[in-house]
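Take this structure first; my questions come after.
A, B, C and D label the chains in the order they appear, each numbered from 1.
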C-alpha cells in the first residue's frame, strides 16, 4: 500500500484582505487559502507558506499559525513585519502558495480546566481555533494586549465565545500597567492553565508571572524558521540544562519551564 | 537653469494582453504603459523595462523596442523568451515598471526612398512605429517571416499602411524558401534602403543578401543587455576592424557593413 | 532513461543526493517523500561527542541565499548509530556519514567507528573546520593539512569510500583537490559554504550570534559550478557537485561541468519535498535537453 | 545630517561612490542624475594601451547577481585623459582612476601618468589581474606580489592617495590587506568579484565566452560585508566597502561593519539613476536608523 506523501501542497489563494477598516495602514491582513486537507490541525500548530512567485528572494517560506482550519479553507491572520510578510500582501486570488503543515505541537487542551489565554498582538491568531474547538469553552478567558485598533484582529469572534478582555498599549508607559493586569489574571489562575502567544518580551513577562503565581503555563515561540521540519536547526530554543531543541518540531508550544527565554 | 534628469521613470502598467486569440499559447503579448514623455522616440529605439516587483531576481531590466509612442501611452509587443519576459506576463494594470529610454539609434528615415522592411518574428515591433511616422509611407514595403499565426503580431495594422507580404515558416525546410524570397525582394531594391529586425540567423541572411544585391541596409541587433546606457560593455558588437562597440548606445541599429555577425 | 551512476564503488540509483546539514537525519523528511527514491542521503555532520552548537540567532536570509552558523550541533556518533541510522532505508539508498572533528586523530577515530557500520555506505569528511592544534586555521584551506586529515580518515575507513568535501574559501581549490586526491580521497565533493556575514542596522548587531557564517543557496551557484569545473578537470577521482542547486536543470548544469553526482542543500528548505520532486523531474528535463546518457553528457561542456 | 567623509586626504561630500566598470566613464549617466551629487566616481579600469576585451557573450544573469568577463575593455589611459576626463566634474567630485596592468612596471608607468593629472583625485589599483611574468597567478592572491604592486604604484603616485582593491578569492584576505598596508596603501577597497561560472545545458556551452567570470551583485553582499569587517578591524588605513550594495540600508550596513565609504557597482544596472537616488535617500534612512553621525556609527557593530 503506497504511503501518502502529501504533507507539502501547492494550494490556491482564495482571498486576501486587510483585517478591518484600519487593517491596511496597520499591516494586519486576513489570508484564506484552499485547505489541502489539514482538518486535523490542532490549535497552536502552524504551517509554512511560500508563494510560488517568490523565486529565490525571499528564499524561505514563512511560518504562520493556523487561525482557522475549516473544511473548505484555511484562515491565517498576519502582521507585516518585514520583507516576507510584505511580499505576502501582494498575493491575489488564484495565486499558488506552497504550504506544508500542520507543524509542531499545539496548545494543551484540558477539558474542564480553567484556561487563561494570553495574546500579544498578532499572537491572538492561534486562539481563534483554540476557542472554536475547545470542548468546554466556558472555562476559557482571554487577555489580549494590542497596539493597533481591536478591529485589526480576530478579536470580536473570540469575545463572543469566551470571557475576553483587551488592553491597548499606546505608549511605553502603558506596558507596566499591562504587566500588572497580567499578573492579576495569573494570580486568579493559580494551579490552573495559561497559554501565551506573542512577542518575546511579552512571553518573558508571562513566564515570570506564571512561575510567581504557580500557574501551569505554555508559551508559543516565534523563532525565525527556515525549514519548519526540524532539519536546519536554525530555530532552536534552549532548555534550562543547555540543550538546544527545534522550535518547529519540539514546539512551537513549550511548557514555560521547559525553555529559557 | 536645472538640467532635467528625467530619463528614468517609474511608470504605471495600463494593460497587458496576449496578442490576438492565439497570443497566449504562443507567448506573444501586448503591453501598454503610461508614457512618461517619450513622444520623441524614433522608430528602432528601445526602452529598458524593469517591474518594481522583481526584487533582485531577475536582476536586469529587459530591452524592448518601442512599438508605438503615443501621447497617452507606450506600446510594446513582446515574445516570452525566458525568465524575464515570462515574469513580464505577470504584470497587472496599476503595477509599477521602471523605464528608461528612448535609447540607442533608430532606423534611417529617407523620405522618397524605396524602403524594404524585413522583420523576423517579434522583430516586427519597431516597424509599426516606423510606418506610422514615415513621411512617405507609399515607399515602404514589408516582408514578414513568422512562425506563430499572423494574429499574434501587430501585422494587420502595418498591412493597412504599407505593401506587406508575410511568410509563415512551419518547419526547417521552409527557411531556404524564405531566404529565396528575401533575396528576390533585395534584388528589387538594389540601390535603395533595407531595414531589418529579427533573430541573428535571419539578420545574417539579410546582411549577405544586402551585400550581394547592393542594397544599403540597416540591421537592428538584439544583444543581451544589462544596463542599456553604454556602461557595462556587456552588449558589444564587433566591427570589421575588431573594435567592440556597445549595441545599446552605438546601435541597436547599425549599417550592415559596420558590424560582423 | 537510465539515471544510475557508480562512483568509487558507490552505486546510486540516480545522481541526486541530499547535502549534509540540510536534510537532518533523513527521518524529518519522511512525511514529504520516499527516502528510497533518492540517490543518496548525507546526514548532518557528526562528531565523536554530541555538540550543542552555537547560540541563536543561527540563520539569516540573504538575497537568493542564506547564512548559517549552526555550529555543527549534532547528537554525536553514538546516538546516531543507535537511534537514527536504524531508521534509515540504508539497504536501498546509500547513507553517507559526514564527519566533523578538530584534529586528525579525532577524525580517524570517528572514521573507524562509522566505517564499521554496515548501514554507512561512505564517509564524507568536512575539512572546513578549524585545526585546534594549529591555531584554528581551517584544514580545508591548506593542502598539507587537508592531506593529513584525508590520510588519517582513509587509513581507518576500511573498504568504505572516503569523500573529501572542499571549502571554496581558498585561492586555489585545485591545489587542495590534488592534495586530497594524492592523500587517498576516493571522491571529492564541493562546495561547502562561502564565509559571509550580515548585520542589522537597527540593533547594530550581527544577524548571527557567531558573527560570521556560511553562505549557501542559489546565490553561490556560479562559484560552485566554477569549482566543479576546475576540479573535475584536474583530478581523476569522481566529483560530487553542490552549491545552490534548485532545479533539475541545475543538476544537469553541474553534470555538464563535470560532476558525477550532486547534492541538494538549501533548496530542501524551500519546500520539504524539494529533492523528491527534483528526482521525479530529472528524467523529463534531461530528455528535453537532449541528454540520453549521463556518462557521455558528463563534463561535455564545449569550451573553445 | 553631515555626510562628509575624509579618507587619506580624499574629501567626499558623502560616502557613496560608483564602482569601477559599472559606471562607464561617468558621462553615460548624465541623463539620469547630477554627477556632482556623488561622493566620488571610479572610472572603468584603465590600461596603458586600449584593450578590446573579451569576445561575447560577456555577461550572464545569476540568482540575485551577475557574471561578467568584459576583459577590461577600455580606451587606454591616453584617450581617457584627452577625451573622457575633461568632461567629468572633477573640481566638484573626486574622480578616481582604476588601474589595470599585468606587471609591476606597467602599473608604475600607469600610476605616474595618472597621478600627474590634476583631475585625478586618487588611484585605485585593481590587483585581481594575472601576473604575466609569474605564470599568471593573480597579484591579489599572494601577499608578496600584492605588496610589490602596491609599492610600485605608491612610488609613482606623488601625493595622490593610493587605494588597493582586494580580491575575495583568497583564503585569508586579512593577510593580503596587511601586506598592502605595509607596502604603503593609503586606502583599501574591497571586494572585487568572486570567480564564478554559468553554463547553458541546451547549447552545452559556457554562458561566458571566457568560461569563467566575476560574480557581483546582491548575491555576494554577505561575503563583502564579512571581508570589510575582517579587514577594517585588522588594518589602520580606511576601508572602502563594496559588493552587492543595492539600497541606502546596505550603505549603512557596510559603514556599521567598518567601512569609511562605499562603492555602488552592479546596482547601477538595475536603473541608471540608482546611485543618485541612493545618495538622496541616505540621510533619511540614516535618520530613521538613529544614525546621527557617520564617524561614531562607523564600525560600531556590537559583537559579544
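In this section, contacts are C-beta pairs under 8 Å (C-beta built on N, C-alpha and C of every residue); 3 or more make two chains touch, one makes a residue touch a chain.
On a predicted model such as this, the values are computed, not experimentally measured, just so you know.
Listing every chain that touches chain A and chain D alike gives B, C. Chains C-D form the pair with the most C-beta pairs in contact. Using CA-based centroids throughout, the chain positioned farthest away from chain A is B. We define each chain's centre as the mean of its Cα atoms; on that basis chain C and chain D are separated by 33 Å. Note on chain placement: the centre of chain A and the centre of chain C lie 35 Å apart, centres being C-alpha means.
Centre-to-centre separation of chain A and chain B, using mean CA positions: 53 Å.
One inter-chain figure worth recording: chain B and chain C are separated by 46 Å, centre to centre, where each centre is the mean of the chain's CA atoms. Counting partner chains per residue, chain B has residues 55-57 touching two or more of them. Multi-chain contact residues of chain D (touching two or more other chains): 62-65, 217-219.
Taken as a contact graph, with one node per protein chain and an edge wherever two chains touch, the assembly is complete, since every chain touches every other chain.
Contact residues of chain C toward chain D in the complex are 62-65, 67, 138, 141-142, 169-172, 194-199, 201-206, 209, 211-212, 215, 217-223, 225-226, 229, 244, 249, 252-253, 256-257, 289, 291, 300-304. By the touch criterion stated above, chain D contacts chain A in their complex at residues 63-64. Chain A meets chain B in the complex at residues 53, 55-57, 90, 92. Looking at the complex, you find that chain A touches chain C at residues 3, 5, 7-8, 50, 55-61, 98, 100, 223-224, 226-238, 242-244, 249.
For chain C in complex with chain A, the touching residues are 21-24, 28-29, 31-34, 44, 52-53, 56-59, 61-66, 68, 70, 73, 217-219, 246, 266, 268-273, 276.
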